[in-house]
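In the two complexes below, chain A is the common chain; its partner is chain B in one and chain C in the other.
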Partner chain A sequence: MVQKTTPHAPPPRAPGVTPADGTGPPRAAAARRPARRRARSRQWPGAVFISPHMLALALFMLVPTGYAVYDSMQTTRLVGGTHYSGFANYSTVLHSAEFWDGVRRVLVFTGVQVPVTIALGFFFAALFDAGVVKYARFFRTVFFMPFAVPGVVAAVMWSFLLLPGFGPYAKLMHTLGFGHVDFFSSKLILPTIIVIVIWEWTGYNVTILYTSLKSIPQHVTEAAVMDGARLGTIVMRLKLPMVRPTIVMLCFLNTVGALQLFTEPSILAAFQPQAVSYGFTPTLYVYNTAVGSGDYNLGAAAAVVLALIIGALSLGAFAIRKRAGEFR
Partner chain B sequence: MSGDYTGTGTRGTGRGRLRGRGRRWAATTGAAALATVVLAACGSSGDTTATAVPGGTGSTAAGGSGCHSGATNLTFWGWSAGYDLVVKKFNQTHPGICVKLENAGAAGDEYVKLSDALKANSGAPDVAQIEYFELPSFEITKSLVDLTPYGVGDARTNEAPAAWSQVIQGSAQFAMPVDLGPLGLYYNSRVFTQHKIAVPATWSDFAAAADKLHAADPKAAITNFDPVDAQDVLALMQQYGAFPFTYSGGDKLGINFTGPAQTAFANLWQGMIGKKEVSTAADFSPAQWANLDGGADAARISPAWGPVGMQGSIKKTIGDWRAAPMPQTQAGQDLEGNWGGSTLAVVKGGAHAKEAATFVKWFGGSADAWRILSGDVAGAFPAYTPLLNSPAFQSRTLPISGTSQPNKVFAKAAQKAEAAQWPPIMTAVLTQWTSTFAEVTKGTQTLPQAFKTFQQQMVKYAKAQGFTVTEG
Partner chain C sequence: MSSKRFARRPAKRPTDTVPIHLYGLRRGTVTVLTLICAAFALFILAPVAWLMINATKTQANVYSTNGFWFARPFHLLQNLSALGHNVSGAGVYLHWLGNTLLYAASAAIGATILSAMAGYGFARFGFRGANALFYLVMSTLLVPITSVALPLFLVYAKVGLVNSVWGMILPSMVSPVGIYLMRTYIDSSVPRDLIDAARMDGASEIRIFLRIVLPLTVPGLVTVLLLTVVAVWNNYFLPLIIFSRSQLYPLTVGLSSLSHAAETGSKAELVPVLIAGGLVTILPLILLFLFLEKYFRGGALQGSTTG
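Here is the complex of A and B:
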């Protein structure tokens, strides 16, 4: 199957590398570079190594997606059974104000949560990297801990902390003279979720960025110090640009994650049902339509639309990264 | 909604579902809200029922299942506390049948799994616990075995009429009733005495009492009304003579949230909500318990199983609560409502329908089973009349109500309650209810407005599902 070619021939596309569609596992992009550098003669073992992943991808990604597309073109009714309905379900989704409200809300959420999380992540990573923190190893672990807590548990914990008339923060706000603050009111629910998700994800970003900062050769920093650069200058003018590819990648990962916001609002909804509506986020809309209202066909159509939106955004991000020369 | 997927869970949003059903389960098991949320959220089969109970039933043969070799095996999906003990007793007393209890999740979670198993034609249990309101959703997809040929109908003489009519559709019987949740009014006798409020006999008395209490103490509310809880509101509507659905099988469905009775109901509660004379905390939330315990809520309209959760969550006012019959729309009437309760249904496709029928008939309709079901562990309120009518049961006392005997009120309500005609679209009702009625809690819509909105939503949904819908 694999033919030898001259070394000068352009490297063929590595087997199994699919265009970024935003649906694959996050590390797919990172794995791409070494794969493409490999000489052709070494592709056969490569294909063997990635085949389990491809099999899993096919079984748990492509087949269900195909089924979802098929299901979205059917309409099943309680009375009268199932019939082919073409794009009727898509039309319903595209005309659903609730669905688009959720899309807008999640875009606002992403626009705030992702930059703040990455900025905080970089701030703390730089702090640890600069060696100005005592017991840095201990604190790095502490920072990472929220990420190790499952999202469900974190959301439950935060719900208790923020519960009006019950949690300590509501009391604190009252003591501070803010009156009765309801973190789950329709105005504050989105900021509340943003805070929770930032809390959960900052440690993850710290860890990645810290590793990336550590990989900057020591002599580069030393040279800057010799030239008389201050710490702030080194961090902002030297290190920040050097970890830019990492930050771009984190933007990408965080954004894809943010667009799929589901766990936190669904748990908060259990505590404060009035705060989180049926279509609070697009994923909740899909879930509530399919499982909640039992309309699997409409749910499938909404899921496909959502996948297309995220796919388009991911491809856009991919194009930007490619133009920025990230993929050589 | 697919024909095969009708009974799908309402757990999804975590809202309609979790609340409507998980919460009832939470209340009955007395589990903390946290546990409920965690379990429900994980879709876990949190097996609260399988905990060993010290000194539960009389100890049996070694082993555990109590099964005899060569017995016919049945699987049973159920989640309520104490069901394991009842099953054990059955296995001991019925050598030919061996029932294995599995917890497939509470309420909505289980319905989702059951629907999936039915669609896949594999993995469904022989017997499933299904609440009254969900039965029609499984009936319309022809997923349940008609128990009439197996003689389960004999059990009728021992069942409260409301329970029995809810398992019947036409000439078929699709389940065996187990427990019920008739409504009654628990009031804080101290607060009522302090403010010289008489126990309201009618709903206008009730509204007047709300006025009087609120005038005397601006922080106090007569009770809590959670607009977001569909089952709570539907039970109250039923008691008020304003149940919005009419359904008797087939493809004709009546939906009426905007008729005169429904509007009167909506206006009554909106009046009290608007004047802050009732609180609107989420049912079974810490806020609600705090209100009951701190004197902010002077009464609780409660199903018979309500005290289980209440007792676990209040401290200061324990012993102060007295039970009274529900207020009536007109003096002298006797309208009762029901909130909750389960049945056992035999699922189609199993090879042992006859044995399964024997099991469900015994489970809901035998003194042996009810000795355990009405015990401290299970704490179910019977639809089984020999127990309902027994002086020993009626004279029981509860910690929340001191030396008074609330079962007298609830047993009477159980006998007189009328059956609700649950629509086969309850899954969607529960899911879509939450968003719409949250507007009432937020104060961005009134209850009559929410009724109007919901009427349109449900009519649209039901028509899309192929029903012939009658409005009004």
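Here is the complex of A and C:
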């Protein structure tokens, strides 16, 4: 490292062990100071290396976000053009029952889908990790496969499978004695979408949790086995706490994804228009307001509100995570 | 007896799991657990099997025959060839396939270059504000795509990027996950000493990056490349918002317009085309996975687990 270049190099030290200022040998401290200053003068290329990405980030995320905030405070009328209207659009969004219905629906969706997906993911990952399942390699590949299937195709496939009357699953339910089940009825549409999204994302969670479980040193498990711990105890008491940071991260990613639910309901709407309303989810509300009705100002306001809701939830989760001492 | 077996274990080293007989499971447990996995595998595979089978059927047979078994006439080739024509008025599938390939390839290459540069910048340089900028990058992970897509469209409308392929490709190059992965990867696989030694020899920063850093991070680069390909291939909301001309659609938006056309009733004969199109959409990525499985297993998702 840099010390090697100085004439009065300190004796070699274990990497990562740096004495705090004043406690180290004086000769070493004196030798380190100019080296560090020289090191700092070499840091500017770092800024150059990150600048292309930061430029793209600014142009394609920060500027649009800023513009959306600006746009959400304008109102465009057929007569009279565009003018500043303050928080009028926000007021419209916040007073829209349709919008809040969507928010509530998507929160219920998230509250069910995310825990189920992660629990299933952990269950299968733990089985594969412990090696208590035959053909585990085959199963891992199969479970991960939906990651390669775009939400659009997944929704199309499931729409056909679930078609009332014609679809094989409706027929199956009929054979099993459940009568005529309409998976697209207002009662069942949300559970239906939950099943589709679980189908899409469980394998991804399995793969990440499996990788994480695999990184636990084997001797830890061996020691527990030698102490006579049962498999269930080892998984729940030993391994689960060790992969908790991964689970927390998966909660984040799954939740942010779930709160934006759009593709599946919007494709299902093509098959069963009555099943999915205009503001079925907040994202559908944004899309239908802006693109469907052409009210971009109101759509922008809804998009900002949605971003704020998701941002607030994320910050809240971050705060909890930080207090739990898991934030790096 | 079991301790004797345990002592013998290192002999068959390739296995990296604790031998399962040590868990003291009841007889039949492995069979039961395997059956549970098989049931879930059935749940996962059923829709894909349905897609493959029904891509070979005529429109009438899709509705009237058993969804999980083949029916005559075998219509696969006709359904596939229909993908080359504008049968729907919605657009030509092959066109969308070409677009998707273009968007995915260029965005993935761009994202990989930007992520490698930024990851290196964050991993090996401690310039002022680096930490704050890194947190900014990471926080964009939590920004909803849908909250950016509409604003992007609004900006595009001002600067004339609506219906421009650049409007699709350039934003897809911004990859916070890619930067996170590259930073972690470079941290663990590019020795600082090597960089310092190269500097001592008078190598320029660009040269160090191209000749030392990049070759040492190839697995990381491939990972970012693949993840971006998947993300762009499957992206629906952004192209849906920014493209209004069907010649520019990627597969996802094209298929959704096809499904709208097929399901509104007037073009019901499109149903088999839609199904065949769905099959052709997912096959390339599934094949890519099977070929590059070790990247997706070993490295691809690992970086995101350590967060």
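The definition used in the following text is that the second predicted complex is superposed on the first by the 274 of 328 C-alpha atoms of A that agree within 3 Å, B and C clash if a C-alpha of one lies under 4 Å from a C-alpha of the other, contacts with A are read in each partner's own complex, and residues count from 1 in each chain.
Methods note: a contact is a pair of C-beta atoms (placed from the backbone, for glycine too) under 8 Å apart; a residue touches a chain by one contact, two chains touch by 3 or more.
None of the values given here were measured: they were computed from a predicted structure.
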Which of chain B and chain C A:274 touches, first, second, both or neither: first
Chain B versus chain C as contact partner of A:231, first or second or both or neither: second
Touch count on chain A, higher of chain B and chain C: C
First (chain B), second (chain C), both or neither touched by A:85: neither
Which of chain B and chain C A:287 touches, first, second, both or neither: both
First, second, both or neither for A:96, with chain B first and chain C second: neither
First, second, both or neither for A:160, with chain B first and chain C second: both
Overlap of the chain B and chain C footprints on chain A, listed as residue numbers: 152-153, 156, 159-160, 166, 266-267, 270-271, 287, 290-291, 296
Residues of chain A defined as touching chain B within the complex: 76-82, 152-153, 156, 159-160, 163-166, 185-186, 266-267, 269-279, 284, 287-288, 290-297
Sites on chain A touched by chain C in the complex: 1-2, 5, 40, 42-50, 52-54, 56-57, 59-61, 63-65, 67-68, 71, 120, 124, 127, 129-136, 138-154, 156-161, 166-168, 199, 202-204, 207-209, 211-212, 214-215, 218, 221-222, 225-226, 230-231, 234, 245-246, 249, 252-253, 256, 259-260, 262-263, 266-267, 270-271, 283, 286-287, 290-291, 296, 299-300, 303-304, 306-307, 310-311, 314, 328
Residue numbers on chain C that touch chain A, as the complex places them: 6, 15-18, 20, 22-25, 29-30, 33-34, 37-38, 40-41, 43-48, 50-51, 54, 62-63, 66-68, 113-115, 117-118, 120-122, 124-128, 130, 133, 136-137, 140-148, 150-155, 158, 170-171, 173-174, 179, 192-193, 196, 199-200, 205, 209, 230, 233-234, 236-237, 240-241, 251-253, 255-256, 259-260, 263-264, 274-275, 278, 281-282, 285-286, 288-290, 293, 296-298, 301-302, 304-307
Residues of chain B touching chain A in the complex: 1-19, 33-34, 36-38, 40-42, 112, 115, 140-141, 228, 251, 282, 285-287, 290, 424-425, 427-428, 430-432, 434-435, 438, 441-442, 444, 461, 464-467
